[in-house]
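Listed next: structures, encoded as structure tokens.
Presented sequentially are two complexes of subunit A, the first with subunit B as partner and the second with subunit C.
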Partner chain A sequence: MAETATPIDKRPLVLLTPAFIAITALVVIPMSFILVYSFYENIDLAVDRVAFQFGNWEMLLSDNYYHSAIWKTLRISVVVTVLAAVLGYLPAYFIAMTTFRHKWLLLLLLILPFWVSFIIRTLSWIHILGNQGALNGLFQWLGLSDEPLRMMFNEFSVMVGLIHVFLPYMILNIYVSLEGIDRNLEPAARTLGATPWQAFREVTLPLSLPGLAAGSLLVFVLTGGSYVTPLILGGPSDFLFGNLIYDAVVTELNWPMGATLSFTLLVLLGSVVILYSRFMGLNQLSKAFG
Partner chain B sequence: MTRKMDSTKRYEKLREAVGNGDVDRRTFFGLLGSAGITAGLSGGIMTAMAKQARAAGVELHFEGWGGVVSEALRKHAFDPYEAATGNKVIDATFGGENEVLTKLKAAGSTSGHNILHSSGVSWYKRWVDNDFHVVLNEDNIPNLKNVMTAMIEPFRAITPDGLSAVPYDYGTTGIAYNTNHVSKEKAMELGADLLLDKELKGKIGGWGGDWANRAWYGALQSGQDPNDIQDWDAVWDKAREHRELVLKYWGSGAELMDLLAKEEIWVTEAWSGRVAALQAQGHPIAYMDPPNGLAWMESMFVLKGSPLAEAEELLNFMLDPETAIAVAVGQKYPSSLDPTKVEMPEEVQNLPAFDPTGKLEALVFRNPETWNPHEKKQGAMWNRVQKGG
Partner chain C sequence: MSAWAFIRFYTILVYTFMFAPIAVVLVLAFNNSQFGGFPIDGLSLRWFHALFENEAIMRAFRTSFILGLMTALVATTIGILAALALVRYQFRGKDWVTTFLISPVLVPETVLAVGLLIFLRWLHMPRSFTLLLLGHSIIALPFVVLVVQARLVGIRREYEEAARSLGASPVQTFFSVTFPLLLPAIFAGALFAFTISFDNITATIFWRPSGMETVPTQIFGMLRHSVSPEINALGFVMICITVGVPLLAGGLARYFSRRKI
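For the complex of A and B:
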């Protein structure tokens, strides 16, 4: 039987080429430079020697200072992600299910904070949680406390700041996933005898999981790479791995060590994406984005 | 029933409508043309304005400490300079000179960076060591003759062939305390140890951005001469003790003022001028320099690649007694001008750290010879101690 040659469809290749070039030029090549720089040796402040040595990597692997920072970063990222998921699901569900005619207005309100600088939004918490902030003023006015409650410059305020900044990413992802669910499924479950809670738990929640997972991945990765929020809202003990990178690069002017730490953070957060891909499949992300 | 329509569907529908002739092609292209003309016109105007601006004068990029310091420089130095010369000063705020050095190293060029409000002789040496310096023509800066010799000498010792900066102001990093919560007697009695007072736990602040500042106070608290530290472990033990009591390490003058003004902290080391600014605003904040407290001098450093003639013109303008005094009053730091040569008004004479003799012998400055060799190791050490290490 004669074989018929299947013509190769070149369109995917053509369409993917610009993205491939951009990712190579803007991510792969710079990260390769960073990896190479991690083997250089810092002789003095801002003075590096071209070398191929493992001193920076040895220090990273043997020094508990860095290990505790990694652990703290992962812990805070998990807590922020879980809280953002819990806090974000409700508004996303409300926006998706509402019969309000001007739903676009709700979505606009959701993205409105992005029009204000991230730094300003973070600083605003000082005026809410600070000693002379709105909350302490309210508590004292209501007679609930005589002295200001200490709510600022601790892990709590750092988490509040991170959730505040990243929550819209979570809500938008869940919302898009919920929007794609057939509205007839829940009523169908109800007609089969399910309670409203059962219908939600057995039908809506599983179908919205791709959005929840995509939002969680985004929030986790963004939190893991943060360093400004702990600087502004944290106390002496509240730092993330990103703060150690800032210290190495900016205050110690030790670029080889900064490169080592940066590459480590990339590998750590990249591993999370790979794990997500392994268990959820990255195609779930495209589902979540509609 | 409303039907959900995504952008792709909307585009398909529009394309279909155009194809069917439901949308008037003339109107469609008319609108498109209007948008193009608007963009083109505004672009053209902007281009013409940019050309005009370039023809009008030279742009000088200045980076400084922000807050009241930047406000004083903008109001009393840069605005009058721009009006007088037609040149433009574009000022920005940095978190510290290490930030600028990182940027210059990353970019491989000094483009967009001309003049820095540089801190101390140590940083002057670092800029020179990294070959970012210039040789200023002092003939073009006649007002330099009024600057205190005691302030010029340390810089000239590093670059004997010519200065790359002009000394501009000086001050101290002492201790600020809230008089509603800490008495003057207690502050005077404890001196530098006020920062280690356990009764004030959670109400103490500290400057996190400079390892040498923390080490200076650690040396004072451990009974050592800050310019001749022998026992670094004792210094960091005191820093750890301080850390346990600290609510927040601040990173900028604006943050320092905010924390003190809002009474988040009651005690911290602080920059004299910033405290003077708070006092002027009516806050109950007092300031003291403990024995052997840290003094520093700042310069206006010109980076390599800057338009030298215009930079020299600006520096001379800034050192003009009228300008320098107005800036000193505004930023609350005494001017580098010698008070024995230029009469200082009462407002300047009352500023913290002001030295009427013009010799600065009563102030203790950081000796770069003894401090710089320790910077790499001890700077990294401070970052660890600050984070609980």
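For the complex of A and C:
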């Protein structure tokens, strides 16, 4: 007991040092560095010059190509988040409230997608929506259509892929906050004369909002930062802001522009995270791991 | 239809949405057809044969496996220490420390990847296996901290205090009491880190040196043409590994913990 009473305990500091050094060197400094690098000048493929000029930023601010990409990313992120919430709330509610004996199985199935490779889950949609996919096979077998319906390589398939991959985050977060609600509250509301729907709307729904918000934040930020899903499931015009970064860095080898775009995405999505943490705090996010 | 029946039906539909595509990959892996999609011509294992004879895929497997193991080692070591500090000690500014520790998750992975790539290039460290290892470790670190922290909360300090009061030295206490109690947490963290590394593609595409492929980037490259039946077979194998290993580990852990009681 005497140990814990000493005013300054150095042990936690020692334990935290490796993590602090790693995050500072590999996250904090590089994130600051891309801001510096965004003022560099690109001369040729993979060749750039140390400079302090605003060419990259001017291009970003003046070129409509970048503006439309930002809007498109925002729009797709909002749609994916809303659809994930709509698809995810009821299953989360079901798992939290069910008296089903094998509830653990439902929970296990919820975590299972996290263990299945992201790229496999993404490409699997080609088998569902593609010209040789399951749906087109079904339609033809039923005689609904002679020619395969084109459902792949458009914005729709990109959104389906994104929702599919990020939905478990949404359900898990909603489930965690529903699970934490006192089971006596809804019956209490009922005895006081509320209809089942009223009891849900005025008691359970508000209490589950932290989970819904946490899930939405994750889905929004993860979607906003994606670029692999559009590459696999989208057509040439279905790009997100992340694809511009990919093009700048990997294809055009224009690193200063890549840094400029990266910093922009960091600020855009970072402000959403900060806004969220002002209202909700970041604790809710870690609850899903409990 | 009552409201509850509707909710149940809706849940079944959403679960179908989540698992049907995965099931389709698992089934198509056995399709005898030349092409990766439907219809199913007949069952065969030929694409698994083709897979194991494909040198590029096997090389990617080895790379991913070694990278995953090393990531697990690095991220778990750093993560356990940090989680111990968070769970065992009270200190000022703990909320800030926690936020800082999970900050790598809050940065979009694409941005993290480009930032680290450009920074290390500026330090004259081009794309390399080391960059992949460092990068994967930092991506896995927050998850390891959260997972391990959640497990550590359950370990009571009284056990250690009892060992000390019975005359064990601090080192003895650590190795004979603390460490065995920590093992499940260490294992859970390491498994998580391995999976994160093994599955990563978003950042890996930026960090891998030319000529080096991990399994996901290899699949990504193969997709450029079309979904070949080999990819389905590869998907089957990957799902068996990444789902089977944790399930088996969890099942074994449960089995042994029951036997002890």
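Just so it is clear, the second predicted complex is superposed on the first by the 252 of 290 C-alpha atoms of A that agree within 3 Å, B and C clash if a C-alpha of one lies under 4 Å from a C-alpha of the other, contacts with A are read in each partner's own complex, and residues count from 1 in each chain.
Please note the rule applied: contacts are C-beta pairs under 8 Å (C-beta built on N, C-alpha and C of every residue); 3 or more make two chains touch, one makes a residue touch a chain.
Quick caveat: nothing in here was measured; it's all calculated off a predicted structure.
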>> According to the stated criteria, A:V249 is in contact with first (subunit B), second (subunit C), both, or neither; which is it?
In response: both
> When the two structures are overlaid on chain A, which partner does A:D9 contact: first (subunit B), second (subunit C), both, or neither?
Replying inline: second
> Which partner, subunit B or subunit C, touches the larger number of subunit A residues?
Replying inline: C
> Touch check for A:I120: first (subunit B), second (subunit C), both, or neither?
Replying inline: second
>> Output check: A:Q132 vs subunit B and subunit C. Expected answer is one of first, second, both, neither. What do you get?
In response: both
> Counting only touches as set out at the top, which of subunit B and subunit C does A:G55 meet: first, second, both, neither?
Replying inline: neither
>> Touch test for A:F20: subunit B only (first), subunit C only (second), both, or neither?
In response: second
> Which residues of subunit A are in contact with subunit B in one complex and with subunit C in the other?
Replying inline: 126, 130-132, 231, 249-250, 255, 290
> Where on subunit A is subunit C touching in the complex?
Replying inline: 4, 9, 11-13, 15-16, 18-20, 22-23, 26-31, 33-34, 37, 87-88, 90-91, 93-95, 106, 109, 112-121, 123-128, 130-134, 137, 164, 167-168, 171, 196-197, 221, 224-228, 231-232, 242, 245-246, 249-250, 255, 258-259, 262-263, 265-266, 269-270, 273, 277, 282, 285-286, 289-290
>> Which residues of subunit B touch subunit A once you look at their complex with the stated criterion?
In response: 2, 4, 6, 96, 98-99, 101-102, 105, 126, 130, 202, 208-209, 211, 243, 246-249, 251, 258, 262-264, 375-376, 379-380, 383-384, 386-389
> What residues on subunit A touch subunit B, complex-wise?
Replying inline: 42, 44-46, 65, 69, 101, 126, 130-132, 150, 152-153, 179, 231, 235-237, 239, 243-244, 247, 249-255, 290
> Across the complex, what residues on subunit C touch subunit A?
Replying inline: 3, 7-8, 10-11, 14-15, 17-22, 24-25, 28, 35-39, 77-79, 81-82, 84-86, 88-91, 97-104, 106-112, 114-122, 134-135, 137-138, 141, 143, 145-147, 149-150, 195, 198-199, 201-202, 205-206, 215-216, 219-220, 223, 227, 231, 235, 238-239, 242-243, 246
